[in-house]
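Two complexes, one shared chain (chain A), two partners (chain B, chain C).
Right after this comes the complex of A and B.
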């Protein structure tokens, strides 16, 4: 396959090594971190309005976290070797240490918090369900049926503590992804100490938007009424985070323009040519300025609930597209220019290849399938059957 | 009190069991010599050293092929080791009579180094093979051991 090259490229720069799968990886981990931080709004910061999304946010984070390492496995090949990261940890390799960051976040934070929050439901379901689901619920109870007021209070306190640890862990998880790019000092498009911070804020933006969309969609599918106070609050937080995220990115840009180091002309040319559509049009105009403007409009003008729902849906979708474009521009953009600053290459994406578009689409569908299974297993909304069994609404004593 | 944290104790036990299983598995699967010299299996060094030698070395080649060695000394390929083109030939050196190195296709072999690429140093001989030879094997015109066509050894002398 002939790759169109413009100007001078070193031979090892012509073909891109980090493909669309490596674009997916920060995108997916970003959704995890963002969803978790939205969940912590209710738990730690006591924003009661977002409560209807609390459990959904946790399950979304888990579904995406389970898929997060898969693009890397597919990119590297030999998935069986990934376990060696734990057996013989390579402490000086930032990439190898991700295994521990991932494991910590999955086991010590997310699974634990979900288990504690759902324990009452799990115990009740283990008593009411039959067949195979009953077996799963019985295993999940770990053999303890105690859902006394006191034990649930203890769960609540432990869960609060875990969320407290979870917030810096979520920052670590996604800050780490930014760090991987920001620490590549040979690449001026990536090398910036601001990278982890920009990644964290964009992660929060994408996660909040994704959970908001999922909440609206799932409520509609269930034929229930969307809690407008909830989505209004989420949209408000989305706007605040987005403004901070956009400001940070613009500060970074301003710094680069004013500093105008030896790479600037080359990168500036790239943004005006090869990255024009994905960076300026999709990421900045469509994916950032438009949703921020739409969300700001809902703050200043009075819209009907239906109009607000539509605006939030459009803003949410544009946000997620915009953040995906941001990951694309970081990962792909950083490989399009020559380190000699004299030439540019092109990214040729395969379709049904190991790192092509098809596996990328499959990997983006997979978290939704996992989420569907998780929602079936552990419904994130108050269960009528469980409420009827005499207990108060789930998580109601907090 | 204890009854109300029973489930947490059970969870701690499950985690402890998982940790013990991990430690036991790790003790069994990590090779004993791992980390002896660095972040790799120390015993690998001995295993690699005990593998049969594949390369004969240009001195071994020159013992028999002194005519080729003399010819090579006159051209720029004097710096290229025999086995860089001909492949590993320890077997051939051990048993020259029955094991012969494979015949080379110069149309492919020469292009490995001499195909034009703007990243190569300006003074390095390079051609766009499709334009330059159009599929004709390089050794039709160039003698690989002394590639320059108009080379006159008696006036130019030997290049080192």
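Right after this comes the complex of A and C.
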């Protein structure tokens, strides 16, 4: 397959090394980190208004975290050797830490927090359900069926502590992803000390937007009323985080334009040609400026609840698209220009190939399937908890 | 020739040993080679390069380099007047078949052979998550293809575009400085094939190596010195437009 090249590329540079699957990886981990930060708003910072999304945010983070390593595995030339990263990690490699950060986040933070938070429900369900579900819930109790007042209090305290550790861990998870790119000195499009912090804030933006959308959608599907105080608060946080994120990105851009180092002419030309649509139109105009403006409007003008819901839905969708475009522009954009700064190559995405569009779509659908299963297993709705306590009463009297 | 029982007794163990090496894919050992006594580098005298591409062909043949990928290649620069920041560069098929006749008469033309710089502070070995790529004690950057994950981080980290993923092994590949040859006292395939002596293998730890005299008497440069990679391919007569 002939890849169109403009100008001069070093001969080995013509073919892109990191494909759409590597675009998905920071996008997915960003959603995980962002969803967790939203959950911690309620738990640590006592923002009571966002409580209806707390459990949903945790389950969303888990569903996406479980899928996060899959695009990497699919991309590796030798996935069967990936376990070597745990056995013989190369300490000077930013990538070598991935496995450890991932495991830490999955096992020590997310699974533990979800388990502690749901432990009471799980124990109750293991007593009230029958057949196979009963078996599942019994396994999930991990043999701990004490739900006395005292033990629930301990759960609460430990859960709080884990969330406290979880916040820097979520920052670590995604800031570290930013460092993988930001520390590549050979690539001026990536090499920037701002990269980890931009990744953290963009992660929060995408995660908050995704959970807000999921909450609105799931509430609607369940035929319940959307808690307007909740979505208003989330939208407010989304806007503030997005403004910080956008400011950081603009700071990076301003610095590049003003310094205009040896790479600038080449990168500037790339943004004006090959990345024009994905960066300027989709990421900046549609995916950043538009949602920030929409969210700001709701702060300054009075809208009806229905209008606000619609605005949040549109702003949320545009935000998620914008952050995806940002990941695309970082990963793909960073490989389109030559390190000689004399030419450009083209990304030819396959369809039903190992790293093509089809597996990428499948990998983006998978977290929603996992989330659906998780939601069935561990209902995150506030009213579901009520019915569980109703079940206890029933169980207690029988 | 009739093979007797005696012949067979001699041949069988020899064949077994040979087969073992074929299976293992390892080169024969070099018992007299002392790793710590060498520090390999290369000298590129650009005033001598004629862009014939013999080095590229020799490398491809010696190392079984797949088509479309290059452990070494040659670039042709065309620089007009003062525009050293905007050179025109080409390297058709890595110059495996040399270059077509040049029709650009204004300005200057010259050739620049490239290969892995075997950097002393190599960013590619730094980023490898499992240490599959490493700097040998004698200063050669190598890849263990039986250990490489194929994550491609090293390809991204190389500022010179010297690495690629071999589509057959799905592991990172690059110039080994013909390690299988230099450890036996031979020179690299590209140096051997170069008809003008542009490329010269150098051992910086050998005080008798002519490179020391050359470095003393010539103005040499390395590629992208601002990358601070400790590159060990030294270019004589390199124009400021080369990147």
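Keep this in mind: the second predicted complex is superposed on the first by the 380 of 398 C-alpha atoms of A that agree within 3 Å, B and C clash if a C-alpha of one lies under 4 Å from a C-alpha of the other, contacts with A are read in each partner's own complex, and residues count from 1 in each chain.
Just so we're on the same page, contacts are C-beta pairs under 8 Å (C-beta built on N, C-alpha and C of every residue); 3 or more make two chains touch, one makes a residue touch a chain.
Being a predicted model, the structure only gives us computed values, none of them experimental.
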| item | value |
| --- | --- |
| Partner chain in contact with A:119 - chain B first, chain C second, else both or neither | first |
| Touch count on chain A, higher of chain B and chain C | C |
| Partner chain(s) touched by A:17 [first = chain B, second = chain C, both, neither] | second |
| Partner chain(s) touched by A:368 [first = chain B, second = chain C, both, neither] | neither |
| First (chain B), second (chain C), both or neither touched by A:104 | neither |
| Which of chain B and chain C A:187 touches, first, second, both or neither | second |
| Which of chain B and chain C A:160 touches, first, second, both or neither | neither |
| Partner chain in contact with A:81 - chain B first, chain C second, else both or neither | second |
| Which superposed partner A:151 touches (first chain B, second chain C, both, neither) | first |
| Partner chain(s) touched by A:142 [first = chain B, second = chain C, both, neither] | first |
| Footprint overlap on chain A, where chain B in one structure and chain C in the other make contact | 8-11, 88, 90 |
| Chain C-touching residues of chain A, taken from the complex the two chains share | 8-13, 15, 17-18, 72, 75-79, 81-82, 84-85, 88-90, 92-96, 98, 180, 184-187, 335, 338-342 |
| Chain A partner contacts - residues on chain C that touch it in the complex | 69-70, 73, 75, 87-91, 93-94, 114, 123, 126-131, 147-153, 155-165, 169-171, 227, 243 |
| Complex contact set, residues of chain B against chain A | 3-8, 10-11, 14, 22, 26, 29-30, 34-35, 39, 117-119 |
| Interface residues, chain A side, partner chain B - complex | 8-11, 86-88, 90, 112, 115, 119, 141-144, 146, 148, 150-151, 154, 158 |
